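As structure tokens, the structure follows; a few thoughts come after it.
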Amino acid sequence: MIELILFFKIIAAIIAIESKNLLSAIVSLGAVGFALAIIMVFLNAPDVAIVQVLVEVVLLVILVRATLHRDLTDLKGKREFFVKVFGIVAVGAFFLGIAWGLISLPVFGSFPETAVSVAVPSEWYLAHGLRQTGISNIVTAVLLDYRAYDTLGEVTVLFSAILGAVVILRKKR
Amino acid sequence: MSEIVKTITSLVMDAIAVFGIYIVFYGHLSPGGGFAGGLIISFLFILLFLAYGQKKAIKRLPYHFIRRINFVGLLGVFVLFILAVYSGVFELSLWKGQDFSLLSGGIIPPLNLAVWLKVGAGIFMVFVTLSVFRSTQDE
Amino acid sequence: MNILPLFILIPIGAAFALSTFDILKQERKKVLVSNITAAAACLALTVLAVMQIGKTGTFEMGGWSIPIGISLVLDGFSAPVLVITGLVSLMCAVFSFSYMDMYSGREKFFSLFLLMVAGMNGLVLTSDIFNLYVFMELAAVSSFALVAYGTMKEELEAAFKYLVLSGVGTVFILMGIALTYGHTRNLSMVFIYNALSSGSAGSGMYLAAGFFMVGFGIKAALIPFHAWLPDAHPAAPAPVSAMLSGVLIKTAGIYAMVRVLFLLFAADLSVASMLLRTLGVLSLMIGVLLALGQWDFKRLLAYHSVSQMGYIALAFGIGTPLGIAAGLFHLLNHSVFKSLLFLNAGAVFYRTSTRDLRDMGGLNAVMPVTGYTSMIASLSIAGLPPFNGFWSKLLIIIAAIQAGYLWLGLWAVLGSILTLASFAKVQRYAFVGEIKDKFKEIKEVPLPMAFSMIFLAVLCVLMGILLVPGIRAVVLDGAAEVLLNPSNYIRIATGGMP
Amino acid sequence: MNNMPLAYGLAMILFAVGLYGVVCKKNAVKIIISLLIMENAVNLFILLIGYRKDGIAPVMVKGQEASEFASMAVDPLAQAIVITSIVIGLSIVALMIAIAIRLYDRYKTFDTSKMKDLKG
């Protein structure tokens, strides 16, 4: 099932990149993002799926609103043949390298292989999360308790990006 | 935008607000949390903005008010994280509460709230800055 | 009370506070308060960092021990980098007091500046690879905005290029983290090392290392991935260029790369060192050759940054204790003299509004402080005694020859000679000789700018002291201990427990 | 084949498609889209690593045994990482769009091959 949606997703991605119309490119990007959200539901990740859907909506609205009415929505100009061939060859070589490297990963869906121990943190979170933090959504427990420092960094990154956008779009030099 | 969009917007706004608040307050019990809730609340404003146009939206929701909310969220995040980092407040819960009840989880619900304010105001600020921007070439 | 978290909390708190300062109505008050806050925060960071020299320590965030939580680790490699980050940022903040008069929005500038410092400190201190990624992004995102600060064509184009390449780099790093996590089920460096050394990792870890190499290579602007640097560094305001060239490419690039690669390949360092050496020699030679033909002052300096990063990568790639000490020493030295050179370029631009070397000439007569400090910095970067650049390059060459890489030593010498030629050109065209009529009226730069340049020039002269055996043992030799022998790192990170 | 499932490979193909877009496309909006696709692929990959066959979501419900839950649920750490990286990706893209808008303001085009103020 996941593989099927993934095929669809890759096709949408190729359309998003190759389409000559910017609006259809952005809509195809939306398809890629929402397909990811659906896959997340299949992968038992409701928290992430919610965030993914919402972020995708924000991005699409911002992309359409901020970019589309500014430029010609149809891209003109001939495509450079050699650039394309080179790109495809390079990406193909890249993929062969990756296929070699992926062989040693643990079997898909086999998490975890070891018994409950402190050396595998996610096991620890599942086993002791409720007792230690008192909340039942373990993902929130990891985000805001065990790895709260990451979340501080993340909020700061968001703050920094907002400040940056405000600075870049300010009126005076 | 057209009358249909405006009517539907005014109808769904309350529902969106309630859903956003629910997502935050139950973020420690069910899927959701500060980020998701913040994004939903910012949709509320974005919807207002798109349906009613810039002027009316800004009148109903002044920009400096959003900035103030942003600062409150920022302050909350910072203070709570300092507490968290230094004293490990997580272990000494503010309210121990019953597991699976709304008032449980120690410092996590307030943190969720702070992140919610921060993210909601922040995303809206980004949206306003990006879409209100007009060319400055003539200056 | 452990002070390690303060390295992140002070700049972040100051940045948050600064962003509220635009409620102040008067422009003068705003500028004054922003200046004081930024300088105070940087000064506090520097003082704290100097106090940490030679110490080791760890702090568990929120009381969760690794691997279930995140902990900060201070060791012989991170302490010197922290000090240099604090010092350079303090000097750049002082320099901006006057320089940023050209631009508006002082409080936003310093807010982004401090966020960048916070990101760098965070990624230097952390012992968790995902946390390293988060703080690297914090530093990167603020630097994108700072490069585009002028919002003119050149700045925006450079920032976009930087953003795209750096974005690709971070995606590669994240993929590397994902592969590492898939193999070890851990994010803490200590436990990754444990997991990798206990079982056979297989081909996947080579793939992960490849991803890390490309990602950090882009961040460090080593040669095949350097395309963004010669655009982004000249386009930014001078204090920001000094920060980017001086510390950001080192902390986010070389430091993180060395940390992660030496961790993943702790069992057998030969492949990783070979790659580092190759990239190093390539960057060192091609960077300096490209720099020779430049007429834009800051662009020339940017190409020299590529070249000097090559020296540092080469030194770490040698992989002996002496090589690592030399690499760290050159990293510190390069931070000092390259930021000084960028500040010089900014000072010249501040008075003459040009960056083209052919338009300048004889500036020594009207701007003596800028002229002489830039001469010191040029001699340092070219590696002439008794300035700091000489000692670290000498150390690199000695380390290369000791390890049996005679050719690498020769390349390093050749690169050094070409650097000297290129800086002779800078001095000849910009500072020495006949002054042009239009520049006869200009004055020396204001006091804050002069102060920071003089301070860095003094450091250039004095940093040779670090080679005195007692000081060297405290400052430079700690890095090799933790990098070449991860069990030392584990001992520090777990608070002395085995 | 058993050892290298299709899903990992497909996620990597998605990554490669995004990489191709970043390298070969000239339009600023297309570059942003390609970068987003790459981020998408990495997030998917992390989640696939944390997946457990026939697992449940890492959210406890009332009356569940802790040990049973721990042996069933999928990896919460991978999901936390993905949430963080999604938000970081959002902030990078927001900044990117801001710069692209400003570039359009200066050049009146999104075509990066027409922006030639920089020498190299």
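Read from first to last, the chains carry the letters A, B, C and D; within each, the first residue is number 1.
Note that in this section a residue touches a chain if its C-beta (ideal position, glycine included) is under 8 Å from a C-beta of that chain, and two chains touch if they have at least 3 such contacts.
All figures in this text were calculated on a predicted structure; none of them were measured in a lab.
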{"item": "More contacts between chains, A-D or B-D", "value": "A-D"}
{"item": "Rounded Å distance, chain B centre to chain D centre (Cα mean)", "value": "23"}
{"item": "Centroid distance [mean C-alpha coordinates] between chain D and chain A, Å", "value": "2"}
{"item": "Interchain centroid distance [CA atoms averaged], chain A/chain B, Å", "value": "22"}
{"item": "Gap in Å, rounded to a whole number, between the CA centres of chain D and chain C", "value": "28"}
{"item": "Contacts with 2+ other chains: residues of chain D", "value": "19, 49, 57, 59-60, 77-78, 83-84, 87-88, 91-92, 94-95, 97-102, 106"}
{"item": "Interface hub residues of chain B, defined as touching at least two other chains", "value": "30-31, 35, 74, 84-85, 90-91, 100, 126, 129-130, 133, 136"}
{"item": "For chain C, residues contacting two or more additional chains", "value": "12, 16, 19, 61-62, 64, 130, 134, 137, 141, 144-145, 148, 151-152, 156, 182, 187"}
{"item": "Pairwise touch network: line, ring, star, complete, or other", "value": "complete"}
{"item": "Residue ranges of chain A in contact with chain D within the complex", "value": "2-3, 6-7, 9-10, 13-14, 16-17, 22, 25-26, 29, 32-33, 36, 39-40, 43-48, 51-52, 55, 58-59, 62-63, 66-67, 70-71, 75, 77, 83-84, 87-88, 90-91, 94-95, 98-99, 102-103, 105, 107-112, 116, 121-123, 125-127, 129-131, 136-139, 141-143, 147, 150-151, 154, 157-158, 160-162, 164-165, 168-169"}
{"item": "Chain C partner contacts - residues on chain A that touch it in the complex", "value": "97-98, 100-106, 111-112, 114, 118-122, 124-125, 145-150, 152-154, 156-157, 159-161, 163-168, 170, 172-173"}
{"item": "For the chain B and chain C complex, residues of the former touching the latter", "value": "71, 74-75, 78, 82, 84-88, 90-91"}
{"item": "Residues on chain B engaged by chain A in the complex (per definition of touch)", "value": "23, 27-36, 39-40, 42-43, 46, 50, 70, 74, 77, 81, 84-85, 90-91, 93, 96-97, 99-100, 104-106, 108, 111-112, 115, 118-119, 122-123, 125-127, 129-131, 133, 136, 139"}
{"item": "Chain A partner contacts - residues on chain C that touch it in the complex", "value": "12, 16, 19, 61-62, 64, 67-70, 102-105, 108-109, 111-112, 115, 118, 122, 130-131, 134-135, 137-138, 141-142, 144-145, 148-152, 156, 179, 182-183, 185-188, 191, 194-195, 201-208, 210"}
